[in-house]
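Two complexes come next, and they have one chain in common, chain A, joined by chain B in the first and chain C in the second.
Right, the complex of A and B next:
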């Protein structure tokens, strides 16, 4: 009887865990607490505070001039998380008025590309395979004439 | 051999078979998740799309985003070739897919078609077929277009929306 129970348990195991944990090779989630948005020279443009608000509540762009930004996730102690070695993670950006700005990630940085004058809100995500590990609050983006 | 002994041997054999089955299930579980959204039908696999404009510029999709974008002038046009690749670069590999991997649907079976939809048709419109098309700039502004590859009425591939700009006439 014990053998049958063990066999049934073994049979149930992959049903319970398949896809989420095949072979247990699931990479760990990112335990990010905040995000820093810096320009290409390292100057901080803005950052989240307890991931509830932005220290500087808007980004100003010029139309047709893409903004190169470096995004850095911080842990709960405020230390930078090195995500560069994790090919299963990527930064994404969502915009409320998606026709106005587009995110183009590159290795180690990304471009926020404006496509016209106006105002919208964006937020950044840390994308982990097929789900989000971290989402920032919305951030105002104002695009002025070049 | 007693009935009890035979029963034990059968149980042991069945247990081993189940263990092997479990191992096989774990090894093969899930597999290529990307493949689920990029089915291979009749030998045509589309994982990314490349838009090659008549001005020489190239925009290409990369999983959830694009690199590059087409530009057209108001009251002007730009010709765009629709090219595809079966290669999906790694998420952190942002280089364009190798040119040798690009292909068009010119020689694909007739049921393959491409739909290009412009979100704001007061800004631009698209005319074309599954191989190439023309983006007509109507007025200054920005919009997005989506590209869908279908076999009959079945969607095989849908690119993320692509932003583009219609520039004012200088």
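Right, the complex of A and C next:
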């Protein structure tokens, strides 16, 4: 009897696995339309416009002086999206020349850290699990002497 | 030709009259041969039923039989009547004369009231393409919309995607092939025993989403007959256009009342080459499809289960000859599909009474598709669970043959990834139907009605810049058909059918909001779309004689609220409207218009002598909005002439395949600087969307040789070698329905060799 039960269980196991949805729980996409880059005092350094262009098309940094920025995603109405409750989301930054500038995320803000003089381009992403939900256009970054 | 006949008939005068049954099987595949004509010596004629059985009362010790089945060699001779059962194994004739009968759960096997075609085992061997659509594309009224060799979808009478229903053994496949041009139909044609194609609305018997027609891949995963000995067949092939190889194997056997079947197929190919041997990158593929079934088979029916696993990994092209297709991803997109399916089916045929059969069936499908971008990261991932079930009671009384039934389907589609355009949603379908076929003398009448209710509920109703008012939708419709078939003479019949079908908007049409790299588009849905409702009329004239058959069909269909997923053009600049998020993809949005489709199809298969066979096919599809504006992405007219010469073990064939130019395209509001010619600006190809561009015609030539190895046949291992050459003269031709047609042509010359062994 036990043998039969085991055989039935073995048969049922793949069936139960097959009933599991391949994607399981799907958390909703962040439907961001724009991104605002502000300094620690709330002053807007730049922002995207319809995520096509940057209002101020470059950021000026000083070598060895990190810039503390607060990133805020906006929906299509222009309202700020509150992403603080979503542990599956995070802001990231990509740089064309990663040796020049890097991103250091913190809770609610992040540091843009320059590592030498020069010029490169960066863009911000909203990272969702294993993919991006939002990518900004490239933003020019110029790093001068301190 | 080999025809084995075993007829068992109780002797006349040796007791009460007894019934004798004749069972016909295909010698190679052991599939039952339905619709065959058996003439008994005293002149009584019989037709085999859906499982290849015909029964007649025995009156003599032996009986003269004349067996004729289209697609098989004729057999005549005496058989003893000592046994009550006769088993016949018929060898397929080296012709294209296939019985045009289609199978449905509601009406069993019979002639369709619409134009129909059947692709049998012999034709399947000649057309061993990676997709179902490419295999059936030679039929009149049928085209293929390509997006690489795997991502091909059938187009019937100018309709495709969600308007053409692809079934496996009468059940829905549970994949997402209809949702985008880059998605593959998850049925490998190498596993098919035959493919039935019904052209025109067929909602009465098959449900919604059949405005264009139905493609039913018959595999008999769940065996309906018992094999007295283990039967098997093996085939393998190689082709040159993509350096592809593949093979398939199938076994069918039985123990007592148990019947079982196992089959599997696998294939692998490199990039497909266009004319002049230029490769179309990212069109390589690999995959397998395997299944097994087990059934209890008795005299009064069967009950069984089956399981199937499908995997494929294929590329979607993105560039050709150094030019990136407009809107395509530089590094191509690779699609990885996995589908697991289980199925149960049972039929009970009582011996007496007006109930002919009670049939129930259902399937469950787990589907997963990942689309990989350059660098190997997942751009989009789809997952779907789907289940469907159907119960039918078939009735027969007097001249009536009909059915009542119920159908239910559930599917849960989800998507995630960087470039996800599809929202997760759950769709439920419930339907009831009744159909009756009444035959009196030479006239057969058909009438039926079906009521469907389909609800679609989004699991994520977040609004975005381009998609607002995301909400659940419900659609109800009463559809049906009436038809009449008149047997004008023994060989000539005329059929007329009027049918109403409907199609609710798909999940993608309702809720899409994002880029779809593999289809070079940024798709925006509309949650307010209405269901499409089509009213079609078919008139078919059929002649079926000893020397062949001819089918001439004319049709017209009005589609109310036809959904056209059309590219958007910025009227101020004349340039294609680009997406707001990445500014890279042309924006496609659904619009609803009233459309009219009309056309004619001809298929004539005639054997003027035993050695010659001529197969002529032609179709002329037309599709336009009510104001006369042509519908986008319509196939062009075509003519195909196939001439065969048979001498002993050898069959030679030559095909002239004319694809006419498609100049009926919508006019785009364009600036002079933007044309259908591809211009490379800033490293990116720019051109008008393909929907606004005409397509030139082409005359293609194909050739084939089939050799049935004589010694192998003597050993009872019938072996066949088939050599085909498609596009013999390496002509350049383009698919009018492909969004990348301005850049990439269709495949060049292809030499394919196939070996089949049947036991």
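The rule is short, and it goes like this: the second predicted complex is superposed on the first by the 122 of 146 C-alpha atoms of A that agree within 3 Å, B and C clash if a C-alpha of one lies under 4 Å from a C-alpha of the other, contacts with A are read in each partner's own complex, and residues count from 1 in each chain.
In this text, contacts are C-beta pairs under 8 Å (C-beta built on N, C-alpha and C of every residue); 3 or more make two chains touch, one makes a residue touch a chain.
Worth saying up front: this structure is predicted, and the values here are computed from it rather than measured.
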Partner chain in contact with A:135 - chain B first, chain C second, else both or neither: second
Residue contacts with chain A in the superposition, chain B compared against chain C: B
Which superposed partner A:76 touches (first chain B, second chain C, both, neither): second
Interface residues of chain A shared between complexes with chain B and chain C: 18-19, 22-23, 129-130
Parts of chain A lying in touch with chain C, wherever the complex brings them together: 15, 18-23, 26, 28-29, 31, 33, 50-52, 75-76, 129-135
Complex contact set, residues of chain A against chain B: 3-4, 6-7, 10-11, 13-14, 18-19, 22-23, 64, 87-90, 92, 98-107, 113, 115-116, 127, 129-130
Interfacial residue positions of chain C with respect to chain A in the complex: 340, 342, 364, 366-368, 377-379, 381-385, 412, 414-418, 420, 424, 459-460, 462-465, 513, 580-583
Touching residues on chain B, where the partner in the complex is chain A: 11-12, 14-15, 18-19, 21-22, 25-27, 29-30, 33, 64-67, 69, 90-94, 119-120, 141-144, 161, 163-165
